[in-house]
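You will see two complexes here that share chain A, one where it goes with chain B and one where it goes with chain C.
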Partner chain A sequence: MVERQSPLEPEYYPGSHGNFEHGVDVILSETRPGSILQLAAWPGEEKRLMSAIYKATGLALPDGAGGGVTDGARSAFGFAPGKFTVVDEAEGLAAAFSGVVTPAIGTVTDLSHGRTAMRIAGPKAEWVLAKFFAIDFALPAFPIGAGRSTTHHDVFAQIQRTGADQFDIYVFRSFARSFWKALCHASEEVGYEVQ
Partner chain B sequence: MLITCPYCGPRDVIEFTYQGDGNRQRPQPSSQDLDAWNAYVYDRLNPAGDHNEIWQHSGGCRAHLRVVRNTLTHEISSSGFARGDHKAAARHKSEAKS
Partner chain C sequence: MSPRRTETGGRIDRLRTIRFTFDGTPYTGYAGDTLASALLANGVTLFGRSFKYHRPRGVLTAGVEEPNALVTVLRGEVREPNIAATMVEIYDGLVAVSQNRFPSLAWDVNAINQLGGKILSAGFYYKTFMGPVIGPLKGTRFWMFCEHFIRRAAGLGRAGTAADPERYERMNAFCDVLVVGSGPAGLMAARAAADQGQRVILCELEPHFGGSANWSGETIDGTPVADWAARAVGQLEGHDNVRLLPRTTVWGYYDGNTLAALERVTDHKEAPAKGEPRHRYWAIRAKSVVLATGSFERPLVFPGNDRPCVMLAHAAERYANEFGVLPGDRIALFTNNDSAYRSALALKSAGAAIVAIIDVRQDLSSEMRKLATDAEAEILSGHAVVSTEGGKALSGLKVQRFDMVSGALTGDARSIHADCLLMSGGWSPTIHLASQAGARAEWDAARQAFLPPKPTQKWVGAGAFIGSFSTAEAIAEGRAAGLSAAGATGAPTALPVVDAAPGDPDPAPVFEIKAKGKSFVDFQHDVTAEDVRLAHREGFVSVEHLKRYTTLGMATDQGKSSNVPGLAIMAEALGKPIPEVGTTRFRPPYSAVSIGSLAAERFGDLKPERLTPMHDWHIANGATMYSAGLWYRPMIYGLAGETIEQAYVREAKATRDSAGIVDVSTLGKIAVQGPDAAELLDRVYTNMFSTLAVGKARYGLMLREDGLAFDDGTTWRLGEQNFLMTTTTANASKVMQHLEYFLDVIWPELKVTVTSVTDEWAGAAIGGPKARAILAACVKGTAVDNVTLPFMGIVHGKIADVPVMICRLSFSGEMAFEVYSGAGYGTHVWEALIEAGKPFGLVTYGLEALGTMRIEKGHVTGAEIDGRTTARDLHLDWMLSKKKPFIGSAMMDREGLIAPDRLQLVGLVSLDNRPLNGGAHIVEELDEANPHGSIGHITACCYSPALGKHIALALVSGGKARHGTRAFVSDPLRNRFGPIEIVSNHFYDPDGSRMHG
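== the complex of A and B ==
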């Protein structure tokens, strides 16, 4: 496979930044998953698509709008009616779906090179994200594994909660550097570390 | 103004795009009934009160929604998928008002 370049690289400065004298309250990183797929079910085929995702990845999606699951290496969540984002640390996940998601069930779109994934973790992760997105980040309203589709100034974002104080954000690759810079600026007041 | 998306829950209006009057009846594409086409393109009820509208959750799940909005108060009295009873419609998020 070709070595993939990060769009964040010119603005990616590992280390502690901002107001960190009193501690680092969020950790920012790029997760660089090998595979980012979008799966869509034809109307009425959602259950079959969910079992296809289970067959190919071992991830059992919960019922419900925006429901999702993560096992660390692989993650999946609903982002629209009958549509799911499925992510794997390893490359080549699309091949695992060939023959599993048949044309009668729905479609598989490989977005591995089209999206950039950023992670924000730490006790102030909810606080920083609340400055970007007008959605409820509290744990009861946004449980672990769940996904949300939303927008920050026309930058479309898919957000999955992958831990009690950890979120993975997927944005268009072309917007990623700009969003990353904004995320760093917004994290300055709480002190942040780039890993 | 908040619109409750049946998939995403209540969201700010900036996430939505207005797709026009929901009362319009599009004639069959092959129709040569000029009055029907004229009504589809031009005739609007323009009510002072509840209005059937089509909105797209363009900054979210991208679903097209059928919304009833009060043109005087901006109150949204109902919202649902425009395509009809999609299965997910019955599975509101916990925080979503129906």
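== the complex of A and C ==
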């Protein structure tokens, strides 16, 4: 099995960095999921698509814009009207949808290579992300599981909150190294560890 | 330790001595001092020179509104000019220098400007440089001659040229209630809102929260108000729902309750911690805002009011109470209101002698008389200061009897010996943010001040900001404002009891004492009362014109202390009441904002860049990269000693001789999926796609709605309802937006999704006579022969155990294939192809060779699809389907778009064997001295290794009709003239035999 190459490799330095003399306040990592899919429902077919997602992954998406859910290994969230990102640690998730999302419901697009997933976790995760995005990261406004679509310096990003102080960020692969460097740079102030 | 420091008192830390320099002289101060308080404590009275007249100036205020004491702070090679000394917190090693003086602050040769008073009045530049003729110099030429000297003589600090190594950041914040200002009103508002469970942000521009509580000397419930404020801050710090931002100036109020703030994070530190930014620009989105920004004390306008040691009354009180510094030993006060009496008492308590209180009002309340008596001050009611004496410090002043109704001065002038004169001309609420957010300010005749307008956005005001100048009012209004902002009413509660000096908040309506001498209105821009009257005499009746003609209020302090006196003087000159004259609208920023904070980190290494999956391989293998938009792509893979031209010629020639491989991952790729995908493609492309078989690709052309060419590329049918569209690299996002727009707005009934999959795929184009053999050597699971993989055919297989998708298409004119793999496998597949190609002489080639071969083949790119050309201009009319409508079809046959003399694509060959240049014009007559008669221009050029000639593509009037004719290239900017032949754009393999094999 050929291993996928990470776009972050030359800039991925495990260990503590920045102002960490008093400890690190965020932990950065690349989650490297095996599957990243984008699912889109035709107007009026959103519920059927959500049912299909449940059928294929066991993830029950809540109603409402940006609603999402994660069970640790798999995650799903809405990022636009009728559109969802579904992620799995394992490869091959697209195949699980092949008979479930029919042409009458919508489409499935495999972006497993096209997006890079980074995780920021820790007490200062919200603080660091506030440097990048005009998004309210407070827990009541951005609950666990929920997703948001936004941009940073021309870089389109989808963000899912996967813990009280943990966020997974999906960016285009070609921008990923640039974004990672910026994320590390922004985290220097609070001290960060790359895992 | 110093001549002006009091023995006790102030909130400075007397156990921590700070060492700094001003104009090279070493001084000491205490932690908690500002540069202004520390210099005052050291007996320094001269802080700077004025803008125009170079008059000696001291410190006027104790805060952000300071117009006089502007300094330049040096950090290494970086100099930051025009910083108010009142806002600089001292730290060990601080280096500050004075400005606008030569050779020194004490002895400034340009002080001679003071003698040119009337010449240098308002409108000096207009009058001096618009008309007069002096010898050969007249009008603007005279200005240009003088400009150098004037700019040296007038102005503020000098900006540095060294790169600023500091770090700046942008922060986004959201809250329920933003409280601006942390005086008693702001603290109460923040607490009330926080107690309601609201998310609160409290911004304070000073280093310490508390505002006037830090220096007013009042008590609350028997304890100093400063202690009360400290307790309130402590309580707020204990709230998880409160964010406290000291040293943070809210400088802009924008639509949607979005406010901009600047946090000065490390200006007060010797060195920042690792990763710590110097400034943070906060973009704060607040559901509601409490404005508790307080008020500014106004100067009085009288001759000599700008002399060093003439200061605002509250500023002196603040220096005494907050910093333990007395601005003088023998202090006189000049006032039109009651607040100065409290200041007198505070300074007396701090150890100064109050020699006199000069009050323009004849009738004083018994409370004020008692305060004056307590301060052991002589009361001179119904008097005014008519002049001040001294040089670089005050030595005395003269007063005269004054009738505040008529403004008349009577009787003999009396001299008073004093080393400090404090003035108070009333208070102006700090309404800047409210003004930015909404309507015109409203004049309050009682307060003699502009009060904030009615809110047009969701804000509520409290305290001095709305003209309630007492601490008790601030506390009550602050709580009410906090509750209101939180959408709560709150139960009645016992408010803290304030013990404060009595006083009427309303001043006498006196702004100016008209006596002989320069009376300054705008200290920073050296605008005098006479300048304002001169503007009136010269016809500038509008307040907006007054402002621009005199530059009143246009300095870096934005007229915080000068606007109202200036308006009052103008109103009197016009014979109108102040509200009829009106006021100017405040604009952001409230105070100076660093450009760095606005740029934040969008520069240098932190600019986003796009890298292909094989980027690191290219670098490691000698590629010279250059940027194509945000992408980085190989230009050449140069060998030692090769020039760029030698490298691309070698790469292109080797490709045509054997095979070459190029990274095409940057091509835009869009997944077009759904039952109506083919229908969408038929509508957006000029040619038909619904007839395309699965497993085949087709070259497509898109037009804009106006009928002009938009983009081209191949689209691959991967399934019945599944297409992979490719676009040019540059137009990928434009095409995506184009498709999304039509799907969302024009044809929402089409069941199609479009998804950017540019980054999903790594792409390698391999072309040349040996290309097929190379693929055959490494591809498993499929044949690549002509039957299995015909021109525009698609196959799926594996290379080095990785799934790949191969399409046979060509951009070079050679038989070529595009090999797509998952981006994460891109380098792996690329290396496998390179390895497989070694026996066949495969070379890597960059964009220069790619461009060369496409010019030789005559393919168009963005250089030709430039937004002005049509399909016919580019000889792509064969792609315009007559069987269906498509975007642009309704407009493409307009008369102007089918005219025979339009610029059309041709090829050019240089006949003098010299290079051609992009952008050069084509002319029919060679007239180097007078180039004229352009018939077109070159869009792309190269040396063609295949032809051994310098060739180009060009857009030339008449196009094909000129094939075989001769003309000239005319490029006067690059001094290139010479003969060319106009030929077909298909220089190479015109019949496609090499491409089709």
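Keep in mind that, in the parts below, the second predicted complex is superposed on the first by the 194 of 195 C-alpha atoms of A that agree within 3 Å, B and C clash if a C-alpha of one lies under 4 Å from a C-alpha of the other, contacts with A are read in each partner's own complex, and residues count from 1 in each chain.
Keep in mind that, in the parts below, a contact is a pair of C-beta atoms (placed from the backbone, for glycine too) under 8 Å apart; a residue touches a chain by one contact, two chains touch by 3 or more.
These figures come from a predicted structure and were not determined experimentally.
J.: Considering only touches as defined above, state whether A:Pro123 meets chain B (first), chain C (second), both or neither.
T.: A:Pro123 contacts neither chain B nor chain C.
J.: By the touch definition at the top of the document, which applies to A:Ala80: first (chain B), second (chain C), both, or neither?
T.: Only chain B; A:Ala80 stays clear of chain C.
J.: In the superposed model, does chain B or chain C contact more residues of chain A?
T.: Here the partner covering more residues of chain A is C.
J.: Output check: A:Asp136 vs chain B and chain C. Expected answer is one of first, second, both, neither. What do you get?
T.: both
J.: Considering only the touch criterion stated at the top, classify A:Gly44 as touching first (chain B), second (chain C), both, or neither.
T.: first
J.: Considering only the touch criterion stated at the top, classify A:Asp63 as touching first (chain B), second (chain C), both, or neither.
T.: first
J.: For A:Pro103 in the superposed arrangement: first (chain B), second (chain C), both or neither?
T.: A:Pro103: touches chain C, not chain B.
J.: Let me test your reading of the model: by the given contact rule, A:Gly23 touches which partner, first (chain B), second (chain C), both or neither?
T.: neither
J.: Is A:Val2 in contact with chain B, with chain C, with both, or with neither (first, second, both, neither)?
T.: second
J.: Under the stated touch criterion, which partner chain does A:His113 make contact with: chain B (first), chain C (second), both, or neither?
T.: A:His113: touches chain C, not chain B.
J.: Could you tell me which stretches of chain A are touched by chain B in one complex and by chain C in the other?
T.: 43, 134-136, 141, 154
J.: Flag every residue of chain A that touches chain B in the complex, lowest number first.
T.: Chain A reaches chain B through residues 43-44, 46, 63-66, 79-83, 134-136, 140-141, 148-151, 154, 156.
J.: Which residues, counting only chain C, touch chain A once they are in their complex?
T.: 169-174, 199, 273-277, 283, 285, 601-602, 605-613, 616, 630-631, 665, 671, 673-675, 721, 748, 751, 753, 755-762, 800-802, 822-828
J.: What does chain A use to touch chain C in their complex?
T.: 1-2, 4-7, 9-10, 18-19, 38, 40, 42-43, 103, 106-107, 109-115, 130-131, 133-136, 138, 141, 153-155, 172-175, 177-179, 181-182, 185-190
J.: What residues on chain B touch chain A, complex-wise?
T.: Those residues of chain B that touch chain A are 6-9, 11-12, 14-15, 59-63, 81, 83, 86-89, 91-96.
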